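Before anything else, here's the structure in question.
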Amino acid sequence: MTKEQREPPERPGVLLPEMARHLFGRPATQRYPAERIPVPKGFRGRIEVSDEHCIGCSKCALVCPTDCIEMVSDERDVAMGARTVHRKKKPIVHLMSCIRCGLCEEACPTDPKAIYLTEAFGGAYERKDVVVG
Amino acid sequence: MPEVELPIGPQHPALKEPVSFRVLVDGERIVRLDLDVSYNHRGVEKGAEGREFPKALYLIERICGICSHAHATNFAKGVEALMGVTVPPRGQWIRTLVAELERLHSHLLWLGVLAHEIGYNTLFMYTWRDRETIQDLLEEISGNRVNYGMNRLGGVRRDVSDDLRSRALEGLRGLADRAGFYSRIIREEQTLLVRTRGVGRLPRDRAIALGAVGPTARGSGVDFDVRRDDPYVAYGDVPLHVMTSSASDVFGRLEVRVREIEESVRLCTHLLENLPSGDIAAKAPRVAPQGAYVSRYEAPRGELVHYIRTNGTDKADRVSVRTPTLANWLSVVEAIQGRVIADIPVVVAAIDPCLSCTSRTTFVDTGTGDRSAMEWDDLVAYGIRYYREREGLP
Amino acid sequence: MAAGPARVRHGPEDVAPEIVRELSERLGGAIAELRQTAPRRLAGTVPADDVRTVLRALRDDLGCRHLSALSGVDRGATLAVVYHLAARGGTVLSLTVSLPRDAPRLPSVTEVFPAANLYEREVHDLFGIVFEGHPDPRPLLLYEGWPEGEFPLRKDWKPRGREGTNARG
Amino acid sequence: MSALVLALYLFVFPGFLFLLGFAWFAEWWDRKLLARLQHRVGPPFLQPFADFVKLLSKENVVTEGVSARLQAALPLVAFAAVATAFLYVPLLGASPFGAPGDLVLVLYLLTLPTILLFVLGWTSRNVFARIGAVRAASQLFVYEVPFFLACLGPALAAETWAVADVVNAQASGLWTFLLQPLGFAVAIVALQAKLERTPFDIPEAETELVAGPLTEITGRKLAIWNLARDIALVTGAALLVALYLGGPTVPGVALEGLAGAAIGFGAFFVKTLLVLAVLAAIRAAVGRIRIDQLVTWGWAVLTPLALAQIAIAIVLRGVGWP
């Protein structure tokens, strides 16, 4: 704003024109939870563990910054590519400490991923949701 | 009215932060300010020592909510410097982009908070509505509105697709004229000017002596910005103008921040239009050699310093964090001397205090309770004497 | 020092070497082991007693008018305080002062840099390093009930109760 | 006027029950308009009523060392004062309680709440409340003088001290607002200050003094105080409508009986909503100024303008204009 431009007068109520415009327009408020807002692709939502792909390698537990992934004993045969693997343990996630950074998903060697971030916007609703997996 | 001690905080509508002021007032005029912010010391530095670098990165990122990328990037680039890892250009540019987007949403948030402090709630509503364009952008880029987790040692974790780039440029165009609108508003709205001009004066030499940083210092004419003077990530390769104001008061800080909003919009547009190609991260070793490095960053509130010492293992030996708000508290005490109660929220909000960053500052400039005048520092004593003579108080 | 230089940015050219020459001319041997550790980063050591004089000289003669930060360090055998001064051209000069582990004391620099008032009290709380002549040495960041003589950032101090960083549910 | 009609007037129509509904409606209208101006949705229709009921259910905390009866009585007296003032403002035609000089009575009753607010704040042994009370008192003098002068103008033009007569004087369609626009502007601003609404909500400055004089007031007391504040808003707006906008009269329409009353009330209702809209717009458009700025601005700008308006009105009277 160059100095020669006439310095606009100081006056109260400078926002009045914009306020008048909004008076009849639609308010900007997003009415969550009545209206669910679309979550962008790649949104880091709640974490899920898929039992049939997990081979129990506990890489996710090692890499988790908040140590909220705990390996519990759970024997099962899992198909990994051509061969089947007999796993001894699988991860459970303590959602209250999970910061949804996604490092576990990156560290997981299986394809499709045994532990992954969904795009679920909500966190844990009831007590039973607090532990996932 | 006799001198009354007015407790403000730590729970107070003006300051949503765990800070408490014990203010001695004579009628409406402030005679002395005591400040105590030691309410949420979380021992982040101790925690960072016991964790491997990737894990410490996510801990350090959570020092502050609205400048989380600042802490993460500063720590990451410090450790990378010690490991001798070079981040590919595209990774550097994406880091800079998210840094500037964070400055944008932090300044817009602050503008709303300042307007709220003086009861100008319409501007508060508008600024926080416009801030949503940035938040949505950050959510698309990083998958999160806060604590973006964009950094990994050696680069960034997510790329910016061309489709996202065009949508972002579109959003930034809309924001550019909003920023122009706000810079016009703050010069014309009388009730805003009347509450900020001449309030909380901080002359240039006092700002330097007290170690003020960021917009608080630049609002008093101190021409220093880490992005230009000690460039990091991609700031060396992009056109950058440092905004200062000679007003040396709350309006000066307001003016600097609003012009920085306009500058950041230009920067983001430039970054998006000229984003270099190539991969976004390099492989970083697990272990960092013995060494020490001072990593500096221009956070939205000012110069952020991480002093990182490594000892050849995969954990940091020492991470010393000095946050911008810690450096700005002294300016509040100096700027508030002799003002009236109504100015406290405005002057405090003017340094844009981020208590989760500071989380550990308390100083009382004279004795509490027993009124024994244990002088805190000749600075404050001089300040009180100076203002008392000038105001003709007893 | 093994820290390889990060890719040199073309922004302001690196004036650190000139500053090294200036320092050695002006201050003679006051700063020992003065060396460049990375682009725009200098390091050096200073004996505890002449911290005030060196810092005052740096501020008045060499234009280091901003004390960026002040960090306490526990190096096992000794404690240390590192003063980070912002010099010309974006350079940061880090001066380390070694201190004995049992009774770490050094003069306060609050007169030279008022900002140090807060930084020194933080280091005092976390490391137990006493800054003589500090105008207001009250606890800075630990809550009132924090036990005396406990300095959390020392290596030999372990958080009691929840061992390690177990963050289970 | 038979006793029954008087009782009906007092308790049902423009009296107690109607007033409650009208006050809550005014608060909803004010908050909804403010929200829409700020690009927000705003509260649902029954929000003020819900707030009132919620507050009634809250615990009634009495500060130690303060007489509970005094703290409970002050909001009730304020409520009674403004509710009584509303009776004198003509809604349909002349109010049965109308008497020469009731304008002065209404003005006095509208001043009472601020004084009670001062007493409430000063006696509640809370430092925020005490400072807020002092601010309320110092603010009282700044806006009371211009507000009285702004109400004096129309009375002067109609040469009467009764609100009803002022309304009749404007029946011919020549509203005082057209004759004395300056007076109307001063009245609007002074009313905004009297009701302590932004930019004049200095005593209760949320970000400085928590809630000012009302910091210690909880439960029923706060509910009644908020109700009194709403009624003061409605009464103030109705007074301005009566004095400046011709009250319940519509130029050129002089019907008798039920239809006339209905149209009269309709006109009054619409005009009051307009005045409330202007007050809400002021509230949205500006920020809060400091107490010292208000005092200097009040005496330097507001009062001289009011005096000027009175001078013009006197000159006009002299020349023989209405």
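First chain written, first letter: the chains are A, B, C and D, and each begins at residue 1.
Following the convention adopted for this analysis, contacts are C-beta pairs under 8 Å (C-beta built on N, C-alpha and C of every residue); 3 or more make two chains touch, one makes a residue touch a chain.
Note that this is a predicted model, so its numbers are computed, not measured.
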Item checked: Chain whose Cα centroid lies nearest the overall Cα centroid -> B
Next item on the list: If you tally contacting C-beta pairs, which comes out ahead, B-C or A-B? Let me know.
Entry: B-C
Notebook entry, point to check: By CA centroid distance, what chain is farthest from chain B?
Noted result: D
Margin query: Could you work out how far the Cα centre of chain C sits from that of chain D, in whole Å?
Written below: 63
Next item on the list: Let me have the rounded angstrom distance from the C-alpha centre of chain A over to the C-alpha centre of chain B, please.
Entry: 26
Next item on the list: Please compute the C-alpha centroid of chain B, do the same for chain C, then give the distance between them in whole Å.
Entry: 22
Next item on the list: Could you grab the centroid distance between chain B and chain D? Build each centroid from C-alpha atoms only and quote it in angstrom.
Entry: 44
Item checked: Where chain C touches two or more other chains at once, by residue number -> 165
Next item on the list: Return the residues of chain A touching two or more other chains; collapse runs of consecutive numbers into ranges.
Entry: 12-13, 15, 19, 28, 66
Check: Of all the residues in chain D, which ones touch at least 2 other chains?
Finding: 37-40, 199, 284-286
Note to self: Under the definition above, what is the set of chain B residues touching chain C in their complex?
What the structure shows: 38-39, 41, 43, 45-47, 50-51, 77, 80-82, 84, 86, 208-211, 224, 226, 228-232, 235-237, 289-294, 296, 303, 305, 307, 309, 318, 320, 322, 326-327, 329-330, 359-365, 374-379
Notebook entry, point to check: Tell me, which parts of chain D touch chain A in their complex?
Noted result: 33, 35-42, 199, 281-282, 284-286
Margin query: Per the contact definition, I'd like the list of chain B residues that touch chain D in the complex.
Written below: 1, 4-7, 12-14, 25, 28, 115-123, 125-126, 129, 189-192, 194-195, 340-345
Next item on the list: Spell out the part of chain B that touches chain A in their complex, as residue ranges.
Entry: 51, 54-55, 57-59, 62, 122-123, 126, 129, 132, 136, 139-140, 143-144, 147, 149, 157-158, 183-185, 187-191, 193
Check: Touching chain B in the complex: which residues of chain D?
Finding: 37-40, 127-128, 130-131, 134, 198-199, 201-202, 205-210, 284-293
